[in-house]
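Below, chain A partners chain B and then partners chain C, in two separate complexes.
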Partner chain A sequence: MTEITTSWICLFSPLVAVIVIALGGNRFSRRAAGVIATGSVALSFAAAVVAFATMLTRAPGNRSHLSTAWTWLSAGNLHFGLSVLVDPLSVFMMLVVSGVGGLIVLYSIGYMHGDDEERRYFAYMAMFVFSMLLLVQGGNLILLLSGWGLVGLSSYLLIGFWHERPAAIAAAKKAFVMNAIGDATFALALFLLIAKTGTLDYGLAFSKAHGLSQTVLILIALGLLGGAVAKSAQLPLHTWLPDAMEGPTPVSALIHAATMVTAGVYLIARTAPIFQLASVVQDTAAALGAVTLVMAGLIALVQTDIKRVIAYSTMSQIGYMFLGVGLGAYASGMFHLLTHAFFKALLFLAAGVVIHALAGEQDIRKMGGLRGLMPKTYAVFLVGALSLAGIPPFSGFFSKDPIIAATLERGGAFGYVMFVLAIGGTFLTGLYTFRLVFRVFHGDRDRFVDETFDTHHGEGPLVMLLPVGVLAIGATLAGWLQVPGGWHGVSSWLQPVAAPILETTNTQEAIASIVSVVLGLAGAGIAWWIYIARRRPAPAAVPAFERKFWFDELYDALFHRPAVTTAKVLYALVEGPLVGGSMAGIAEAVRGLGTGTGRLQTGLVRTYALALAASLAVLAVVFLAVR
Partner chain B sequence: MKGPDVTWYLGVAAFMFATGALGVLLRRSPLIVLLSLELMLNGANLALIAFSRLHGGGAGQIFALSVMAVAASEVVVGLGLIVAMARRNLTLDVDKLTWLRG
Partner chain C sequence: MANGWLTDTLILLPLGGAIFIALAPLSRLAAGLLALAVSLVEIAFWGGALTSYRFDQNIPFVQLEDRTTWFGELGISYHVGFTGPALWLTGMAAVTMTAAIAYAVWVRREHARAYFASMLLLTTAVVGVFVAQDYLLFYVFWEAMLIPLYVLVGVWGGPGRLRATLMFFIYTMAGSLLMLTSIIVLGISRGTFDIVEGGVSNSDWIFLGFVAAFVVKAPIFPFHAWLPVAYREAPAEVAGVLSGVVSKAAAYGFLYIAILHFPHPTHDFRTPILVLAAIGLIYGSVLAFRAPDLRGVVAYSSLAQLGLITFGLFATNLAGFNGAVLQMVNHGLISVGLFMLVGLVELRTGTGKLDRLGGMARGRPALATVLMTLGIIALAVPGSSAFAGEFMILTGVFTSGWGWSVVGAIAIVLAAMYMLRLISAVLHRSKGSAVDDDARDLRLPELAFILPLVACLIVLSAWPAAVTDHNLDVVNAFPALERFVP
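Our next item is the complex of A and B:
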């Protein structure tokens, strides 16, 4: 089979699972729904692997193919095909999405066991994977936008999966609204692109973009960046991500590792030609990433919910990816996306094992000393943490450092500010990651743990531990795909699609590696000093971190309250008297008319007869007179 | 054409009709009201037949026949109602039968 056929299989396999589960209903057992969903995503992964292997046999210049099934949408002169683009970048994303996604869906079979609505859950999960695959495989920007919207919808459905919890519904709505803002700017950018170039095919649009004025290009790039920022939870549209933790833990893992938040990074890499023409916007992307990575790291320091700490670390790591692709080091950004998918899925799923074992408790202040009870989980969580903190030889080390080196290569005031923010981020990463490790697994066991931990249940079923183990292996080994000064597996694979703007030297790589490892270890050491050596209560949290830099309050004051006030005023002045008043008036008049007419009906037959005779007489007179 | 002028026939018809109408309006017994209705209908029939004869067409006679059929059916229903009322020992007075008013 060619890579094109397998790509189509990869794309539609999860969609078939969605339809089968949805139509099957009660005819499938709950477990069967999970197996169908897992199987479909596994088939996607297998298809992606075959596509990858087929492409490896071809020359690097001959790896991009566009396959169109039929014209999917046509309006006037515009025709959009239902097409998949098979090139190194999309295959890279297909492997990540279906591979890590498949492991997470497999894990869900154990995690969601016994939930009332397992079938619905698995249908949504498969739909989420399908949406993301459509996003990365779509052969033109309109299909990318369709996948983009479907990802937003799936995330809404899954974050609000436990719909009896008001907090989950609120979080789902928040995520949807924030994403809708990004979708709107994205769509506006596409409208502008259609108006100016008349096409949304990648190649054609990019080649025609060269002739556009700088203003138009900046507007288009800003629109795309708005979409990317919302989907990837970067400043200033990031507030939905931590709230999204209300969903089931595997959903968080899926959102953070395989699908959704990486979409923004993919978008910038995919539309790199436009961003390169509007370099101001590309720098903005890098700056937003750098600020986000520091800010999210600071907030992560004081969170007390195990999943929220990991959520803020995702924001921070996506910040690194934005920094990478913003600086033009596309392969570095994508490489970090790959390793991040492994270790972040690992951390979430391991956290899920902990939460599962502690009857749903997520507060790390009630945990502690779990190392003895859950040795396997501890081991894999430690692998994830070391990888996240960028300690060699784990994967985060290999992928984060090229991004930091790229800031050095960029140079100038901008580059050095980015460098300082990025290495500041590595220090924070070490600190908050190991704060989590020490609070959860080391120290004294909280009384709560003794009361709730179920020794029979232990660390959960094999179906949960197996994916975690595979991810741990991935998080350990994925970094070796690309070793600075050695070989460049990811860079050379992505070279034909997203050629980097800047090349880092070995010296810069070395400086970045040494500084970031030292700072990461320093962060971990301080965490050890605070939480293990001193054995004292943690220092009081800085209010700014605790309140997440008041972003929620700011949006509340800027948008929510004025909207509520306007609505109240309009209700009092317009809705009440005008709309409500007129409705009530009409109803009152009709009722009065009815009562009046009713009174005419006396029930006296002779009165009716008289009325009939009298009116006939009048009519007769009128006819005679008129004639 | 023999016999009296059409005016005479119409005079008798109008008289019958007016008598019937007054009976319907003034009498209170349902039975008499029904009888008066028959008078009105027959007054109308007489007028129809008189004109039919004047113009020499058959339409008026056919109309009169349909009116008779309608009158017969109406009497069946009306008398049935009156019998039903009598069986329930209701006062046979149209002014008292006002339960269906709004």
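Our next item is the complex of A and C:
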């Protein structure tokens, strides 16, 4: 089979699962729905592996193919095909999405066991994977946007999965609307691109982009960036992400690791030629990433919900990826995307095991001392934490440092500011990550733990522990795909699609590595000092961090309340008088006609007759006038 | 004039059915089932028309024609035939009218013979408007829509039906009289009422006469005062037909008569019309976001959608036209489906007030799935056929000025806000005060008339080019347009 056939299989396998589960309804057992969903994603992964292996046998210049099934949408000279693009970048993403996604769906079989609506859950999960695959495999920008929107839809469905909880529904709507804002700016960029180039095919649009004016390019890139920051929860459209923790924990893992939030990074890498032509916007992407990574790190310091700490760490890590692709170090950004997928999925799923064992409790102030009760979970969580904090030899170390090195290579005032923010982030990462580890697993066991810990259940069934174990191996080893000064597996694979615009030197890599490891360890050390050695009481939370820098309040004041007020004003000043006024006017007119009988038909027929007569009169006048 | 009989049949079959049902002493069930059978046969004949239609740029714009002289000395004839857009709209009308009739059979409308005869008569009138190739014939069908509609709302409507009927009637009457004036002036000055033969005209006044009828019937802001009243008082399925099908007669009138046959006036007046459409789009979306009841949300969203469709039409380019036609088909299917769901929810809970509903997803998977699917498509989630239509419309209107597309993009976000609000208000959170535990899930017969609409939308989502690619090449057929098509 060629890579094209396998790509189509990879794309549609989860969609088939959605349809089968939806049509099957009660005929399938709940377990069967989980197995179908997992199997379909596993098939996608197998197909992606075959595609990857096939492409490895080809010369690097011959690894890009476009396959069109039929014309999806057209008008005049515009034709948008239903097509898949098979190239190193899309196959890279296919492997991450279906591989890590498949493990998360498998884990869900254990996690969601016993929920009333497991079938709906697994249909949505498969839908999510399909949407993300459409996003990364789509052969033109309108399909990318379609996958983009369907990802937003799937996240809405899954965040609001427990639909009787008002908080879950509110969070789901917020995620969807925030994403819709991004979709809208994305769509505007595409309208502009169509107007100027007449196409949305990657190759053609990129080659024609060279002839566009700087203003147009900046506007297109800004529109795309708007979509990217909304989907990837970067400033200023990030507020939906922490609330999205209302969904089941595997959903959080899927959103944060394999799908959704990485889409913005993919978009920038995919449309790199446009961003390179609009370098102001590309710098903006880098700067937004750098600011986000610090801000999210600060907020993570004061969160008390285990999942929210991890959620803010995602925002922060995606900030690194934005910084990477914003600087033009595409492969470094994508490499961090890969390792992050492993260790973030690992952290969420391990946190899920903890939550599962503590009857759904997520507050870290009620945890503590779990190390003894959950040794396996502790071990894998530690792997994830070390990887997140960028401690060698775990994978985060290998992927984060090239991004920091790229800021040095960029140089200048901009580069050094980015450098300071990035290494500041490594310190914060060490601090909040190990605060979490120490609060949850070390120290004295809270009384709550003794009361609720499910000794019979323990650390959960094999179906949950197995994916966690695989992810732990991935989080440990994935970093070795690319070693500074050694080999460059990811960079050379992505070279034909997204060639970097800057090359870092070994010295820069070394400086970045040493500084970030030292600062990461320093963060972890301070966490130890505060939470284990207890030399100091934990500092009081800073209000700005606790209130998440008041973004929610700001958006409420800027958008929601004005929309409500506008609607009220329109009702009062326009709609009411318009409807009421015409009603009164008509009533008056009918009374004036002297029908008086109150019988509808009589009144209407008379009106009709009168209107006909009047129309003839009008007609005569008009006729004479036109003559 | 090959296969003109297909067009005649599509007009006459429901008319014959209507007359038979009105006269024959049928029981309620028999009248309903007969009407249903007639409308199913109508769909089959439409399938025949679709397969005989040739989507080819080099053959006449109007196909499946039939023509008989009517009042020869006045230049009036019975001239019918299909344009590409008319073909798709007729299909949409046939499918949605069938669903509405099935709905009425299921909820056992009183005075069945009068009811079903009216519905079939309405089908004839709507199809007639789409296929008429003679201005006077167009007017006859246009007015013929009004009679069954005012009976349907006035007899089977809610408590405020009398006021609603009156308002709807007076408003649309005022519009259509202006159109009649235009038609008579046009016909007499040319010596023929034939649309195809007459060719294009440059008269601003005649153009505005037509526009008056279309802006009221669509409706376009600020001519929509009848809309919230009529959509709230009409029986649910009739409200669906009003917003889904009858509004398309107006939209099609814009396209085929106002724009294609009055290119110069269109050029002169398109900016004011686009402004009204833009206002309607935002205004409708914002009001839908705060409407207190189900019908209010769907009604105002319909106002917004018609604004969007008008956007596409007055973009006056292929992307805009094709997107608008696709969106007309989408909106017909969505609107009828949503109104029927609204009706079914009202039947179960006795109310449409959003603050008394909620929690209906629990234990009602079919209702939840269908409402969610329709709502999601209605808000034009990327990848859906509604998205394809909106995308094309906004692509088209972008070439007239980026500001229009920005308005459209804002409306996309607002659509997400009001549709999700509706979905959540019905399905999510804790149980509303009007929701009893024994309020049933959608039953099999109910699914049987809603699911086909959803299925049509899903097929169109997989292949929206079915409509946009098999539609019309107006630039070939109407060279006058080229002057200003960007």
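Note that in this section the second predicted complex is superposed on the first by the 563 of 627 C-alpha atoms of A that agree within 3 Å, B and C clash if a C-alpha of one lies under 4 Å from a C-alpha of the other, contacts with A are read in each partner's own complex, and residues count from 1 in each chain.
One rule holds for everything that comes next: a residue touches a chain if its C-beta (ideal position, glycine included) is under 8 Å from a C-beta of that chain, and two chains touch if they have at least 3 such contacts.
It should be emphasised that the depicted structure is a prediction, and the values quoted were computed from it without experimental measurement.
Engineer: Which of the two partners, first being chain B and second being chain C, lies in contact with A:177: first, second, both, or neither?
Structural biologist: second
Engineer: Which partner does A:579 contact after superposing on A: first (chain B), second (chain C), both, neither?
Structural biologist: After superposition on chain A, A:579 lies in contact with chain C alone.
Engineer: Residues of chain A touched: more by chain B or chain C?
Structural biologist: C
Engineer: For A:191, decide between first (touching chain B), second (touching chain C), both and neither.
Structural biologist: Touch partner of A:191: chain C, not chain B.
Engineer: Pick one for A:571: touches chain B only (first), chain C only (second), both, or neither.
Structural biologist: In the superposition, A:571 touches chain C alone.
Engineer: Using the touch definition from the top, say if A:207 reaches chain B (first), chain C (second), both or neither.
Structural biologist: neither
Engineer: Looking at A:505 after the superposition, I want to know if it touches chain B, chain C, both of them or none. Which is it: first, second, both, neither?
Structural biologist: neither
Engineer: On chain A, what residues does chain B touch that chain C touches as well?
Structural biologist: Comparing the two interfaces on chain A, one with chain B and one with chain C, the shared residues are 600, 603-604.
Engineer: Which of the residues in chain B end up touching chain A in this complex?
Structural biologist: Residues 21, 24-26, 28, 33, 94-95, 97-102.
Engineer: Using the touch definition from the top, list the residues of chain C that touch chain A in their complex.
Structural biologist: The touching residues are 150, 154, 162-163, 165-167, 169-171, 173-174, 177, 180-181, 184-185, 188-189, 203, 205, 222, 224-226, 228-229, 283, 286-287, 289-290, 317-319, 321-323, 359, 361-362, 365, 369, 372, 376, 381-383, 387-388, 391-392, 394-396, 398-399, 402, 405-406, 409-410, 412-414, 416-417, 420-421, 424, 427-430, 463-465, 468-469, 475.
Engineer: Tell me, which parts of chain A touch chain B in their complex?
Structural biologist: These residues of chain A touch chain B: 597-606, 609-610, 613.
Engineer: Mind pulling up the chain A residues that touch chain C in the complex?
Structural biologist: 22, 25, 70-76, 78, 120, 134, 142, 145-150, 152-153, 156-157, 160, 163-164, 166, 169, 173, 176-177, 180-181, 183-185, 187-188, 190-192, 194-195, 563-564, 566-568, 570-571, 574-575, 578-579, 581-583, 586-587, 589-590, 600, 603-604, 607-608, 611, 614-615, 618-619, 622-623, 626
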